[in-house]
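To keep things clear, I will list the structure first and then write my remarks on it.
Chain lettering (A, B, C, D, E and F) follows the sequence in which the chains are written, and residue indices restart at 1 in each chain.
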Amino acid sequence: MTAGRPSRADVATVPRFANVATFMRAEMSQNPGNLDIAMFGVPFDLGSSFRSGSRHGPAQIRELSRLIREVNYLTGVAPFTVCRVADLGDAPVNSLDVNASLNSIEDFVLDIVERGARPLVAGGDHTISLAILRAVAKDTPVALIQIDAHSDTQDKMLGHPVANGTVFRRAIEEGLLLPHLCFQVGIRGTLFKVDELAWARNAGVTVFDMEDVETLGAGEVAVQIMNAIGDRPTYLTFDIDALDPSIAPGTGGLEPGGLSYREALRLLHGIRGLDIVGADVVEVCPPLDPGVLTATAAANIMFEELCLIAEALDQEP
Amino acid sequence: MTAGRPSRADVATVPRFANVATFMRAEMSQNPGNLDIAMFGVPFDLGSSFRSGSRHGPAQIRELSRLIREVNYLTGVAPFTVCRVADLGDAPVNSLDVNASLNSIEDFVLDIVERGARPLVAGGDHTISLAILRAVAKDTPVALIQIDAHSDTQDKMLGHPVANGTVFRRAIEEGLLLPHLCFQVGIRGTLFKVDELAWARNAGVTVFDMEDVETLGAGEVAVQIMNAIGDRPTYLTFDIDALDPSIAPGTGGLEPGGLSYREALRLLHGIRGLDIVGADVVEVCPPLDPGVLTATAAANIMFEELCLIAEALDQEP
Amino acid sequence: MTAGRPSRADVATVPRFANVATFMRAEMSQNPGNLDIAMFGVPFDLGSSFRSGSRHGPAQIRELSRLIREVNYLTGVAPFTVCRVADLGDAPVNSLDVNASLNSIEDFVLDIVERGARPLVAGGDHTISLAILRAVAKDTPVALIQIDAHSDTQDKMLGHPVANGTVFRRAIEEGLLLPHLCFQVGIRGTLFKVDELAWARNAGVTVFDMEDVETLGAGEVAVQIMNAIGDRPTYLTFDIDALDPSIAPGTGGLEPGGLSYREALRLLHGIRGLDIVGADVVEVCPPLDPGVLTATAAANIMFEELCLIAEALDQEP
Amino acid sequence: MTAGRPSRADVATVPRFANVATFMRAEMSQNPGNLDIAMFGVPFDLGSSFRSGSRHGPAQIRELSRLIREVNYLTGVAPFTVCRVADLGDAPVNSLDVNASLNSIEDFVLDIVERGARPLVAGGDHTISLAILRAVAKDTPVALIQIDAHSDTQDKMLGHPVANGTVFRRAIEEGLLLPHLCFQVGIRGTLFKVDELAWARNAGVTVFDMEDVETLGAGEVAVQIMNAIGDRPTYLTFDIDALDPSIAPGTGGLEPGGLSYREALRLLHGIRGLDIVGADVVEVCPPLDPGVLTATAAANIMFEELCLIAEALDQEP
Amino acid sequence: MTAGRPSRADVATVPRFANVATFMRAEMSQNPGNLDIAMFGVPFDLGSSFRSGSRHGPAQIRELSRLIREVNYLTGVAPFTVCRVADLGDAPVNSLDVNASLNSIEDFVLDIVERGARPLVAGGDHTISLAILRAVAKDTPVALIQIDAHSDTQDKMLGHPVANGTVFRRAIEEGLLLPHLCFQVGIRGTLFKVDELAWARNAGVTVFDMEDVETLGAGEVAVQIMNAIGDRPTYLTFDIDALDPSIAPGTGGLEPGGLSYREALRLLHGIRGLDIVGADVVEVCPPLDPGVLTATAAANIMFEELCLIAEALDQEP
Amino acid sequence: MTAGRPSRADVATVPRFANVATFMRAEMSQNPGNLDIAMFGVPFDLGSSFRSGSRHGPAQIRELSRLIREVNYLTGVAPFTVCRVADLGDAPVNSLDVNASLNSIEDFVLDIVERGARPLVAGGDHTISLAILRAVAKDTPVALIQIDAHSDTQDKMLGHPVANGTVFRRAIEEGLLLPHLCFQVGIRGTLFKVDELAWARNAGVTVFDMEDVETLGAGEVAVQIMNAIGDRPTYLTFDIDALDPSIAPGTGGLEPGGLSYREALRLLHGIRGLDIVGADVVEVCPPLDPGVLTATAAANIMFEELCLIAEALDQEP
């Protein structure tokens, strides 16, 4: 797995502010066939029913991911050393056409998956996870870990079936997910209607809302998820609004009272060893974040996801 | 209590960014007589001894309260369904005249109270609570729950008896409050003098400072307050500087080390069932908050207060 | 024309920061039948091919239009005295559906026009002008004065025929405009292709680009437009990106080197007396404007447009 | 006049960002008796009828005035070389008491004037000019050059006689100004009422509004003022809102279409040689200016005022 | 120790926004010989390998330290009452010369120390601690408490031995520190290399990383440090990036998942009684902090450090 | 000259916000040998004597240059069609070492020049122009057009010979420039000393200060420069502080009263036909520009420079 690694400027000798901004200063590539992990952006936000702007997420996450160095402090993983990782640029989208965009995203991911790389994605609004799952789970449904303030399992938003609040209902309906292995963590906030979560729960989804996280602790939540999923292939999606607005203020659907970054870390470190076949971080909305904290958090989350996938690949026989 | 509810645009079908900004997208009204709960702003900040700007608080809280949907996640309360709630606009104030403003605010609230509605107010600096209490507690003193970084029981500020740091001393002196049922939660920060809290404690006020909150937990603090107050009518005032600056940076008297939003929620949910006869959220200072987090937090706190009053009304025989 | 004017809080006695934000502190209304001029917002930005966010334009223009007092300094016009003017709220839109939105905007404007009021609109991206023109020019094509950095007469953007860069081509094709009485002022910036303006010029549109404005002066440009249009009904559309970014930084398609505000004033004062049957100001994008200058400029432009329509109505026999 | 000059850190050898921020890095002093020109702040904004915050003006002008070097580019004046200049700190104010503040400001200035120094002041809202004039013109009325977007000669604001919109009417009524030698430059914006300027004009004040500035040119305006005033002692007041919002966005009463900085320079250089006995720059409101342009402009204006006073003193026999 | 205390404007009668900004509104002085504690700034940031800007830290910390009142809420210490404290301005630096700056800083501190005052410093990047230690520990090595996200014990950064990431390695090598009494608290973030902390640990440094803080609690960490250090003279350095970015976003090396302000307080209160011979707060980078939270936190930390030194002095025989 | 042009995403079909940010969305390359024009960044700001931060300039100019389309509106030039243009990334720098950086920049440029491409550079502080000139004018001195608020011909800054205020004195002393063909345009601001410009004028440099630009007009200034330079190879350097702060607020040495963007355009269009052998835009300091106007202006200036070089190349025999 380590042959022909893309080069990366040495973080100890090249100033991190230098050069074109790529994800974590990785080399750019246009050939997923040479990669273990393919990082890319999806600058699409037409699924935002309320505040948009996450089309600019990938660019700002790239810029702030300059901060990332080589090695994961807690786990010791050095993903660029053990895996071939590159930045493929952005998936093609059309800012005037929802369906064309979803199709072109799906095709882009399908090419990556079919050539043997695992996708690590920066959004974009949460709608993009549907397109990614259509590629990743094309043949086999996967387990889902969704860290998010909202369940995103509504039937429709403003009368439409595809939007950032409906994606996981659609994904379950399309058979892309194993509903009993879907876990949502961080749910909170005001609801559109009293029984908004009923469909998800009836479908088999396990909801750990913020009260659950407080009661159980983030570490125990991770343990329960680990135990349930076992070695099934799993998709990990991180909506940045899962974090508390104090650490991630730039997102369309702010909900006070979210996860601290440390709780998020405990969750992500708690699921080490799962077979993460793809991951994303979504809903980073730069125009709403004058202090760029949100993209900073997202860049770090993306690095943790990268380490998780790298560990998964490292365990393969 | 549910006849003739003001209409409100359906949060599931009308985009939340649309239309004139009212508190939580409520209908506007000029007739408190038809209401259970009267929301209004008090754009007054002449009581600010240090940094002013909370005169713009009501407008920005209205704008950010667009985020609020229908139903309280944790309690299931849908206040607009069970109560008649509207936005009455702002109480009349004069930005060049402290006393005229306090009088016109008092008159405005008195009219609301006398016509049977309960006030839910967005400030403005904390001085406004004195004017509101003069109306709400005109005939009978009330219990007080004050969530705040500062005790606001000084004798004078810069030589003046009425300012945002003296209001609750004045309110106790005027017989508007039941001193032994006054509870302050979240107190911290540097003091003007060593015995700054002595008057309050001598008067009977219970101070839960941040160290108490840490030691007891926010839930236990709520229990103690609940047990003491019982079924007495209670006024709830939330100075946004009670929250940690990370989640409420836009306020005149920043004090690091405050309540997390989740602790605030635990406090507010812990006092469900109290007979809240009025409530406010104050000291939101938009010019000091480029990222609008403060008004976002305030809008959510105001929704929690709305739910508490709605529950109180729902329990009435 | 002056019977039954909506009331408006006295700017000399009520602080301008007080009360719910409506356009220029006008009274809200839901009945265009009682009005001479109907102000409303169109919070729609799905036609933005590049940077979106103008869906929040109407709310922020309302907030900043608090600054507007009673009387136009230069012309002495007091529009709220001579006309019945109110804020109708926002036209209905759907942030997930372009065509449904364009239809509901058109219907909303049609109702206004048919009941005898003239629309004065705050956008929203420039696409909304097409929907407005479909209503305003339903029976008779109108002249057009378009103050703008871009011609917006491309055939398609990203393959789509309806977007903020194609609206006036569509409007001409649909017969809504008198092409030889279409005037574009302020055009500049890099072009998509060498002959980008050829279609417009061939269609009869007169383009005054920034070099023309410099050479002729804004006053002379206005004279030429006045002379050509005479007494034909005219629609006035003001894309805020026509102004220099120094005074209007918050817009999706920034082009340095634009009109100063004083040139814009000279233009607008130079066309006094035209029969302005409707007007808009568009492309104000609050998330891109931390200093709120753009909405401030837009609120003032909107007031100038209001005065122009008021003068037009005042001249009617 | 040059004996015993206060020292000032050498701008060529000490980094300008270093040390406590004083006006233009001048030495601090508490003894106006040793000075030719006494610089100080007046952090008072209770006269603001609309948006407040200029209480923080002096501090931010001090910080941005670090940019100022030694010598005026155009005039060659080096004020710190030819005059004894120091920063006296701030005049005493009380943020809860308008009248006490006006009195303590007046006393502070009187002490300066009586000890032979000329005041150069950073506000604060425009109300402070009234207090300063009461000291400067205590014995003899002075001429006035007021560069401002607003005439500030209303009778009352919100019912009150002392506010930032009434000061020059009060000053004329109190006999502090020579009304026929009062010149207002830069007036514009919407008016409270049609005849808002009538009182001023009737009293003898000459108004050069923005249209006059455009027609005559700033240089010619200066010539006319020079010719009229001759060698009478003159007070110079500069409301930062006279400048266009693009260069001075942080002020309470924004009016697009103002003076460019270059026009302001031409005005100020055009009145070289007048006997300027005091000067101020007011209405800088830091909380409304995320990019600190306004205080930057104000610091430069203040330096130009300093050079004008230095030249006036240099001409004395 | 209390004779001849510098005066300080009464926080209860002089508005805190008034006057030139000094640290905590202390009197300025140029004579450390009269002082117990000498506060000063070091506006130096040439040791920043990544994002610079902390040269502006001292000025902004001064401005925000206006918020600080008289008395420490938790400990009751009133440092300005029990000690002679003043603001000495800034240590001399040269923004084009690293070595000249380090030398002039060292000389400046040496003069303070030799005249019997203890330094309390606002930086500047972390490199300045090396210069300070060279003065403070000139004759005797000291214990170190370093609250920080990074160990700053690399051998070189970008090939250079003196930078903000190498200072404590240099200080240990130069014999300025007692390596077995060096304690680092708050360490986290991605690493340059796998064994980045090995040198420090081998040298005897105790690292409490964030996981340790979570496991032990901040109070227990303090106890362990106290017990180890005993009565040895101790230098306390607080890199503001130790705090979570939510409360200290304006710093060059942001690392999510840091100390809450309350944990930092618990740490600092936990070491009361130590013989703190000098302290600093560093890496506050104002240009990266539009909301000024970072300097607000730093001002409060600096006050806590002031109280610790005051208590240490108070205990002296 | 047109064979083998690097590809570039079609601005009409690919959303401009998509993909990794390169200068004007150009293709990246590592081979200057294939290019006519080599664009690159120089993220170096250690020559800033006052406010630093321009090390982040290249990254933000890349991000904002997404706005640039294909064709120059006024000249009709389509540089990417007529020339081979690519983004080479950044020249190597060391943020802890001035001299090493200047050397590595010089080597980087020398390689470009020797392989036949012309450099188009985004800084970085103005010091980088010295390194670039050492490469570009290695064999033959060149003419200079310097658009700038400051002459940058001081002997030393803070005692040092190499800094952003001394570069053109050094360049003249090193024989890199033809002193009588050095033209400085836009000079203004306060001076360090009375005769600050004397050296430059004595050396033969022609200074067009802002007063000259006002008197002559920017067009006439260009004519005079054109006539003097004729067909000599010319380096064009644009310090963004030449522009007025209203349009370029994010730069270390703000000087109000600068060039409008339209004047800058007239200057640049006025020198079409000169043999521009290299060009830069410098001193863009993103941390000082919350509204990103400065990088927007810089991206447009850089495009104009690109068009000038493209035209120069197009004229070659």
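Going forward, contacts are C-beta pairs under 8 Å (C-beta built on N, C-alpha and C of every residue); 3 or more make two chains touch, one makes a residue touch a chain.
All values derive from a computational prediction rather than experimental measurement.
Visitor: Stepping chain to touching chain, what's the minimum from subunit C to subunit E?
Guide: Tracing touching chains, the least step count from subunit C to subunit E comes to 2.
Visitor: Work out which chains are contact partners of both subunit A and subunit F.
Guide: C, E
Visitor: Would you mind working out whether subunit C and subunit D touch using mostly the same residue numbers, over half shared, or mostly different ones?
Guide: different
Visitor: Report, in whole Å, the distance between the mean C-alpha point of subunit A and the mean C-alpha point of subunit E.
Guide: Here subunit A and subunit E have centroids separated by 38 Å.
Visitor: Taking the mean of the CA coordinates per chain, how far is subunit E from subunit F in Å?
Guide: Going by mean C-alpha positions, subunit E sits 41 Å from subunit F.
Visitor: Can you list the subunit E residues in contact with two or more other chains?
Guide: Each of 15, 17, 49-51, 55-56, 94-95, 157-159, 244, 246-247, 288, 290-291 in subunit E touches at least two other chains.
Visitor: On the basis of the stated criterion, which chains touch which? Give every pair.
Guide: Pairwise, the chains that meet the contact rule are A-B, A-C, A-E, A-F, B-C, B-D, B-E, C-D, C-F, D-E, D-F, E-F.
Visitor: Could you list, by residue number, the parts of subunit D that touch subunit F in their complex?
Guide: Listed in rising order, the residues of subunit D that touch subunit F are 11-13, 15-17, 67-74, 76, 78, 244, 246-247, 260-262, 265, 290-291, 293, 296-297, 300, 303.
Visitor: Within the complex, which stretch of subunit F touches subunit A?
Guide: The touching residues are 14-15, 17-22, 28, 41, 43, 55-56, 59, 62-63, 87, 89-90, 92-95, 290.
Visitor: In the complex, go through subunit C and note every residue touching subunit A.
Guide: 45-53, 55-56, 94-98, 157-160, 163, 287-288, 290
Visitor: Help me check something: in the complex, which residues belonging to subunit B touch subunit E?
Guide: 49-51, 157-159, 187-194, 196, 209-211, 214, 244-247, 249-250, 253-257, 288-291
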